[in-house]
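Common to both upcoming complexes is subunit A, partnered first by subunit B, then by subunit C.
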Partner chain A sequence: MVLETILYIVAYPPLWQLLILGFLGSLVVAMVAIWFERKAAARVQRRIGPYWASPRLGGFINIVADMVRYVMQQVIIPNTVDRAAFILAPIVALVVSILPLAFTPLTPISLYWPVASMEFSLLIALAITTIPPLLVVALGWAANNKFAVIGSMRESYVITAYELVAVLAILSGAAATLSFNLVDIVEAQQPLKWLAILNPLAFLAAFLAVLMSTSAFPFEIPESEHEVVAGPFTEYSGVLYALNMGGAYIRRFVYAVLLSLVFLGGWAPYTPVSEGPIAGFIVPSLIVVAKATLLVLAMSFLRAVYGRYRLDQALEAAWRLAIPLALLGFGWSLALAYANVI
Partner chain B sequence: MPARVALKSVRRRGGLFEGIASNIQALAVAVKYFVDPQRATLLYPREYIEHRPGYRGFIVFIKEKCISCAACARICPSAAMKMVRVTEPDPKHPDRPRQKQYPVINYQRCIFCGYCVDICPTEALYHVPFQDVVYESLADMFLTLEAFQVEPKRPAVAEGSPVVYEVDEERGLVKRRR
Partner chain C sequence: MRESHTGTSSGEGWKLPGMMVRRVEREVYEIFIGPQHPGSGHMRIIVRLDGDVIVEADPDIGYVHRTMEKLSEVREWLKPIPLLERMTIIDACNITVPYVNALEKLMDKSPPPRASYLRVLLCEINRVASHLYGFGIFGVFLGHSTMYMWAFGDREVFVELAEVLTGARLTHTYPIPGGVRRDMPQDFPEMARRAVRYMRRRLEEYRKIFLDNPVIVRRLEGVGVIPRNLAAELGIVGPNVRASGIKYDVRLVEPYEVYDELDFEVPVFEEGDALARTWVRVEEIKQSLNIIEQAVDWLERHKGEPVIPKEDFDKLPKLHKEVYEKTGRVKLLPAHASMKIPAGKAIARGEMGRGEIVYYVESDGGTTPYRVRVVTPSARNAVIFKYIVPGHRLMDLPAIYGSIDYFPPESDR
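Presenting the complex of A and B:
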């Protein structure tokens, strides 16, 4: 009885979905992703990577120590910055980054949705994911530093090119299933008709766009270290810098959750059998999170393969390659819908 | 007259399919190394490189063989080796001591070229096959005549295992455990 009550409290959708999965989950996923990024790049480049801090865990403690260092570091706020925007922008960006999770169903049972109705949930979630880059531009401007301004200018170039691709490519899920309801989209691909298999073009375009718009490694243009010191985050230190970096990882994680719902069939191999909190909510949500984690790790792995693109190369890739790819994927989805495949 | 800048037209390499193919190839190589890593990094105190004989490492002096010709000090390109004058008992005339010159070495200057070892007519100098010896201060690196005759100890040997680098036909430089 007590256990059941605790389970119901844990499975309270805002608590489980936003705090535990959204905040803590993406923190853990970010740590695992950073660790995996370093280890995988080391393996591919014939090095060993982080090791001595904890040889049995493969040096994972190293990442925890980094986190602790960021939290303990002194936060320096220069005199020349716009203080309010400088402090508020990373915090607001972090909160807004998690918000799309409030509109993503992680289970088909309506009892466990954070909002009452999932109509148009895909549109709302996509719309919210496009807000945080604007805050990154704002905080780069507020920092009043040449590197920050250059970095935020690059960010603005990049988001104009790639948010379009991301929105188009993810909306092709809606085009295939003729619904903006994420639950319908997931249910439509239920047995094994995943959109990533039926429509690989749109999936590829969405993957590229997520990489780009969250400035993951091959497209780490706004904060490329050896050109503009840390881009928009040049003046940041301590917790505020950690918030910025964490915001980027949370955005990537949230995008990955969206991708795994739209393209990878959501809680696909599993269909909830009862309405209990474990079978009805926790297991399907964990399946979605596992798929999203795999996607994030795949994005991290690309660091070992590609060098950083220049800004003009990335923009050319966007306008010449990614947008036609996304449009093709969208058309393919419409054809799928017309042929009643899904 | 300044040189004219000529703009070369660079042909775009390959088409779309070649680009896709090369991307897939790069990913395949990365996955191959990820699954089967060939690490070249040395985990230093736990592993150390076992060099082949003939490696030019630290230099040890055998006093008994030295004929005080000073060829080593003259050939030394970085002036690391100097002769010192020593008063010692003469085996031929026990009643009066003799003065003799012996080399000492300054490892702050030595570049480990091995010329002194090569030129020594009586082979009174020889290399030990390692270079990872640590001194606590700069003054310690200026070896006295007594210290020059003692073979230095290799710190990594105490806790590490030897490793050999070999050139592999396909993989390049490969680390092998002995």
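Presenting the complex of A and C:
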């Protein structure tokens, strides 16, 4: 009885999805993204990049060593900060960053869903993705540093402009399929009616919005080093800083999972043939994660190509270009639904 | 804006000489960019912000003042050369040639043409390396890490070229009164031509990834405009003034060494913004590459000519002459270090990578200078911050800083 209870708790699917896929998976993807970012940039810049720590793995161990260093480093908490917010905000931000994965199905088989029903899963997941930036604003304010405050202000400008784009653009998936259920949205795209192909406008807007809201180049503005040092994270050190930095990558990954479900057909073109754990869960979820990882890598690569936009230019791009684009994409999705294309 | 430096919050109040009293304003957010800041260099810019817009920028220089002028007064005539190089270690030949020219004026000595060509050759190699250094910093200021890595990687080509020529990567101490310290190695011309061909190809790639990059163009176009009249009024020099439509280059207005024998153009742009300043540097690199080619051609045609005056060469002992014949190195006598220079005053100017450098050297007939006055280009350009940064957004500050190519150690001396 006790054993069964323990087994039930340990094997509880939501726990697995959050812990294994959510935390460890996104950690691994974040590490791969960081490694790829450094390696690809090095390739473009005619360098080698990380290498000597493990020549056969292309220096991948270097990233692990960096993580270990962050964990071992002393965490300096200045006297002038608001201690509770300073310590809690990065932790809560990271947890909330991963949370949308609890509402993302990686397979059509309900046995392996983290929650019992996937009704409104898109809406809930999207709602949760909008919370972490608020915590970034909060921690910048708690840090009580001029550069951190400027960084937080920039973050708040950026989220007002770009969260709207992200939500609108990703919701165009719901508009096209007339459903908030992510499983229905993915199934509607089977096998190759991917929304990214049918509605490239919304996909482009969503891609832009994700770049912006996770401070990827060319929109790395709140942390722009040469004016505001590290933006909201200026006073952070050690593991708390690593949480902040890793948080951005993890948010990017979570967004990428959502994008690959809504726009890239999720586990398409694969359809589970049986309900076994390999055919029913591992294969489709690996397909989704692979698509998401590719998206993350594409976003990371932009660092080697672009500089950063100015804050006002980025905001102008949001209000003048991205929001009309997202609205257009939304309208196009409604047209698709009206014409019964999907 | 200026009044706020001289009065207290009541508007008038007391003043101490050399003391700045600033009005405390409630709506203004003051941030100190530097001296410990990733975007400042060895200086501090006190920036006052109204929202995101800079209302006042105050360049606070002097953090790396090393008393170059005073130190020169207690060193024998030759020894300030390696000292003064330290002001702009990346532009070492350009910064010492005018000093050597001033000494030559006092001594009434002129270098043989081959020495002059060698100096010009190294000066232009330095200019390319210096501009590439500026590009690298500029790139990373705009968040463009590829430009940073490329420029620093390609600068290595020219640093190594200088090493082959002089034996040192950065602090060459190459020119000496009357000549240079070393002749060109045999295989140098081919290396130089290869480097020139390589750099021309690379500049095209720079254009593709950086200068025509839509993000970079939007960051630079119309930012930090120095109007022509303001540039003239403030006495700005170098690529910055040439980007504002003023054709001023010491190599052109008062040719020194053999610049009047060489065929080159001085690129001038009219816009005066950060983008124009960037383009001026690119065009200048192209012109420098042309000059390097011409100098190398001339040097190849005139093999075996002396690199120090004949009277100096004749004074050398047999062993030193043999070393010169074999390796091209000029080994000076100890007496050279403690030479006396006739009393007098001399002014010499030169064009560094960042602009015009002026030396005033006064001798009282002793073994050390009586006075060495240096006015470096960065010292003259530092004032720009105060005039063109206000009105821009905070994120424009790195773009303006990088486009001015300001170098604090050079300015502080």
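The working rule: the second predicted complex is superposed on the first by the 329 of 342 C-alpha atoms of A that agree within 3 Å, B and C clash if a C-alpha of one lies under 4 Å from a C-alpha of the other, contacts with A are read in each partner's own complex, and residues count from 1 in each chain.
The criterion applied here is as follows: a residue touches a chain if its C-beta (ideal position, glycine included) is under 8 Å from a C-beta of that chain, and two chains touch if they have at least 3 such contacts.
Keep in mind the model is a prediction, meaning the values are calculated, not measured.
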| item | value |
| --- | --- |
| Room on subunit A for both subunit B and subunit C (clash or fit) | clash |
| Subunit B versus subunit C as contact partner of A:147, first or second or both or neither | second |
| Of subunit C and subunit B, partner touching more subunit A residues | C |
| First (subunit B), second (subunit C), both or neither touched by A:56 | neither |
| Subunit B versus subunit C as contact partner of A:304, first or second or both or neither | both |
| Subunit B versus subunit C as contact partner of A:224, first or second or both or neither | second |
| First (subunit B), second (subunit C), both or neither touched by A:43 | first |
| Intersection of the subunit A residues that touch subunit B with those that touch subunit C | 44-47, 304-306 |
| Interfacial residue positions of subunit A with respect to subunit C in the complex | 41, 44-47, 146-147, 150, 217-218, 220-221, 224-229, 303-313 |
| Subunit A-facing residues of subunit C, complex | 29, 31, 33, 37-39, 49, 52, 139-147, 149-150, 153, 209, 213, 215-216, 218-219, 393-398 |
| Residues of subunit B defined as touching subunit A within the complex | 26-27, 30, 33-34, 37-41, 43 |
| Touching residues on subunit A, where the partner in the complex is subunit B | 40, 43-48, 51, 301, 304-306 |
